[in-house]
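Chain naming follows the written order as A, B, C and D, and within any one chain the residues start at number 1.
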Amino acid sequence: MTDPVYETALGASTKDKITLLGRDLAEEVMGTVSFGELAFWLATQRRPSPGETRVFEAVLAALADHGFTPTAIVTRLTYLSAPDSVQGALAAGLLGGGSRFLGVTEDCGRFLHAVLAEAELPSDERGWDALALETVEKRRAERKFVPGLGHHVHKDGDPRTPRLFAIADEEGLRGPHLELFAAIGRVHPRVLGKTLPLNGAGVCGAALADLGLPLELLRGFALLARTAGLIGQLAEELRRPVANDIFLSVDLNNRSVAPDPEP
Amino acid sequence: MTDPVYETALGASTKDKITLLGRDLAEEVMGTVSFGELAFWLATQRRPSPGETRVFEAVLAALADHGFTPTAIVTRLTYLSAPDSVQGALAAGLLGGGSRFLGVTEDCGRFLHAVLAEAELPSDERGWDALALETVEKRRAERKFVPGLGHHVHKDGDPRTPRLFAIADEEGLRGPHLELFAAIGRVHPRVLGKTLPLNGAGVCGAALADLGLPLELLRGFALLARTAGLIGQLAEELRRPVANDIFLSVDLNNRSVAPDPEP
Amino acid sequence: MTDPVYETALGASTKDKITLLGRDLAEEVMGTVSFGELAFWLATQRRPSPGETRVFEAVLAALADHGFTPTAIVTRLTYLSAPDSVQGALAAGLLGGGSRFLGVTEDCGRFLHAVLAEAELPSDERGWDALALETVEKRRAERKFVPGLGHHVHKDGDPRTPRLFAIADEEGLRGPHLELFAAIGRVHPRVLGKTLPLNGAGVCGAALADLGLPLELLRGFALLARTAGLIGQLAEELRRPVANDIFLSVDLNNRSVAPDPEP
Amino acid sequence: MTDPVYETALGASTKDKITLLGRDLAEEVMGTVSFGELAFWLATQRRPSPGETRVFEAVLAALADHGFTPTAIVTRLTYLSAPDSVQGALAAGLLGGGSRFLGVTEDCGRFLHAVLAEAELPSDERGWDALALETVEKRRAERKFVPGLGHHVHKDGDPRTPRLFAIADEEGLRGPHLELFAAIGRVHPRVLGKTLPLNGAGVCGAALADLGLPLELLRGFALLARTAGLIGQLAEELRRPVANDIFLSVDLNNRSVAPDPEP
């Protein structure tokens, strides 16, 4: 067969030069491009503006670490069990970044995008409220939750949400996804009969979608943020170890019971 | 048993507030702290200076993506095979971040640190050269390679190396690890009889060690950089897919042979 | 808070004894229970009959290895890149066991189960054909594929399929899932206008469902089988290495192109 | 470049036939070869005898599940967090199969092999005791532990150890690795001044080495056994969920402390 050709605009190197995204890595990227800016650029192949980078990095900060989440516990336990493999401990933690704990960001961004794809863009707040009302009513009729609505701890409001809206406004980057999400926050009580907070994971998804990042990979940015958080968890485990105590607290509280065969 | 207590200085939240590293996440971190700065802060629990952040981010840029490396191919093939799990595709790629392809950064930082721990810090270039000479001779006598020395492509010099030294100098952050590494670059030909380049992975390890990042986790920073690169690989796979061609090129060139039993 | 209690019927040990599934591990399990039998027992907490074990092990054999699949390539490349971590190489390969390459087994078992849950069990072949016809017509109307139908290589029939039916018959274990799957094989040409093979992954899913294994974990058994296959891939890589050639064949055929920004 | 060729003796298929290890998969493997036998065959490309299969499966049974180990907790927590990815939950658990919790099997097998490679094989028990004595004294002088010696729970003896020796004897498969390990059990008190048990993980490593399985992959067999155990953990989690209680018991006992910067 004829040799296949694998095209890429990412890293490439010759004997004397390394390029990344078509730029000279050493001269044009190192020392010039911040890590958040580079991550955005790698994902879109488009260099972000300073404002886009600021919103993007605010999202990463919002998602980096939430304390002893299952992913953090998993990374610490895996490092306890296999200290020879930092990559394994980080990978194990990231594998918890699925539908339940890190998925809201992606679900919310995709959901808002799907609604906007079907609708004509409203020109004012009243228009956004009407679209949001229709959207929430439709979900209700389908007995489905509205992604990004509600939080088990921050019942009166997630502090990350107003802050991210404010940052997007400061940078002139409140786009249709954030507009629709804000409108859902205003109108949902009329439909649901109670007021739920717009959660931080959801507003992050709306902001990432407004930045034009690939919807299929929104979860990936939550995972990038979490990678930094998990390294922090490992660094703390090295000086304030808790993994062995967690393991023992489970092991010491286990109770052996009789097998319970499948019916 | 009495309840164990798990201490952490990382993420924590109450009904109305989220803190990270003792700061108010929404008010003091989001929109204010860049992602590179935050990753450094999470790993050390110490806020880096702007100069430290710049050197750190230059290292992350140097390690983010090297094109079709095994880790990049693995992430693309895993996504092809399990498109339902972005976290799985990223985790699979990171699992290649072990001793051979991403390990040099950590090996070099640890090696330089071990040498410095035994030595008295030289006060001038002559002193550094003497320490470097002794170090290279010792490795040679032990028939061991010097980590960070040599590159299979950039035989006349890795363009990332002088650039990272220059950035560290601009920020006044050339510490003992970088000094020793530079000296090794100057003196090794006297011992080895040939001139090898100081490679980029090695200089990154020296710079990370000078920044005071935990040696046990140096590999983790290469993995953080690579996470951004692997998201870039997936984003490119979405519009310029190559994974299926890679799979077919292997499958079509496979040849079935007779089993060859273990002796 | 009061200590939680974590119940399990799996492994437990005291100073002098180890139990597994309520049995004495050393005296009643080791040397007595085959690995396939044990895997079944662990998943159902019910000891399988010899016939059930034979069907189960035939399924595992059918799914263990398919040569240079993406999962096999991924495991070999990860081992090339991180030879220090066998667990990482195996885990990376298993992460490819998602919806596309290993998912058919689970999809088919769940699909057949869902149909049977809605239907009255037919008493003869005519009844099964009627139910199958209705099922295939419904999928067609929904523009959905029938899981387990069709194969890109074995266009005239997958050799594993008749063999697994025969083994199930020999053991008196052809249950409703296999009956329905067989009937789909008989009637689908009337609806689709062409004859497609019942593939091996699909018949394995039907057989596992008939064995009463948990539907949520059917994919897990494909992964168990594949773990044995991937160890075989690593063992072969140790004496007939190909991973580096695969990497080079991609790297040497890469072509650097200009970045193509997201619209 | 000329097309590379990738040789394999594992799975291969044509339109009408699937072969595995040079056999017809459907006719010669499915329904005939047990899963344990197949796993051995895949790893060595040599079909094991019934006795070898029995010893091998006894080892797998001994290592399959040990209750709420870190790997089991990790798999349950990952499934809680990402129920959409069974492969991710299993992979995360396997990543704990490193040096500390599952590594003893491999360490012991490699250690015994290294000793035997240097020694002349003794012809009687006295000879084995002499070699063992020299081996334990050498480790002691090097201030190193003897792999496989000691257990934190089974202080008076690990019940798996005598059982595996007995099974190997029944099958005439007590080879030099098991002989040396037994001798170490007899003589070490003379050197260490106390009697430690030969642990189950260690005797499994000795038995696997005597079976001629690849030393570089001994850990892989522990991981294969554990894969079956982790599927059992997930199956039990589905009907006796504990992961959320484990997560809450950690989260509710967390205490926020001030950051503690690296020196």
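We take it that a residue touches a chain if its C-beta (ideal position, glycine included) is under 8 Å from a C-beta of that chain, and two chains touch if they have at least 3 such contacts.
Nothing here was measured: the structure is a model prediction, and the numbers come from that model.
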For this session: Please flag the chain sitting at the greatest distance from subunit D, going by CA centroids.
Result: A
Seminar exercise, completed: When B-D and A-D are ranked by contacting C-beta pairs, first comes A-D
Seminar exercise, completed: subunit A to subunit B, mean C-alpha position gap in Å, rounds to 24
Problem set entry | Distance from subunit D to subunit B - Cα centre to Cα centre, in angstrom | 31
Problem set entry | For subunit A paired with subunit D, centre-to-centre distance based on mean C-alpha positions, whole Å | 37
For this session: Spell out, as numbers or ranges, the residues of subunit B touching 2 or more other chains.
Result: 1, 3-4, 6-9, 12, 44-45, 67-68, 82, 84-85, 87-88, 91-92, 95-98, 102, 214, 240, 246, 249-250, 253-254, 257, 260
Problem set entry | subunit C-touching residues of subunit D, taken from the complex the two chains share | 1, 4, 6-18, 20, 24-27, 29-31, 33-36, 38-39, 42-45, 54, 57-58, 60-62, 64-68, 72, 85-88, 90-92, 94-98, 102, 153-157, 159-160, 162-164, 166-167, 170, 200, 214, 216-217, 219-221, 223-225, 227-229, 231-236, 238, 240, 242, 245-246, 248-249, 252-253
Exercise. Which residues, counting only subunit B, touch subunit D once they are in their complex?
Worked result: 3-9, 12, 19, 21-22, 44-46, 82, 84-85, 87-88, 91, 95, 212-214, 250, 253-262
Exercise. Which residues, counting only subunit A, touch subunit D once they are in their complex?
Worked result: 1, 3, 67-71, 73-74, 77-78, 80-85, 88-89, 91-92, 95-103, 239-240, 243, 246-247, 249-251, 254, 257, 260
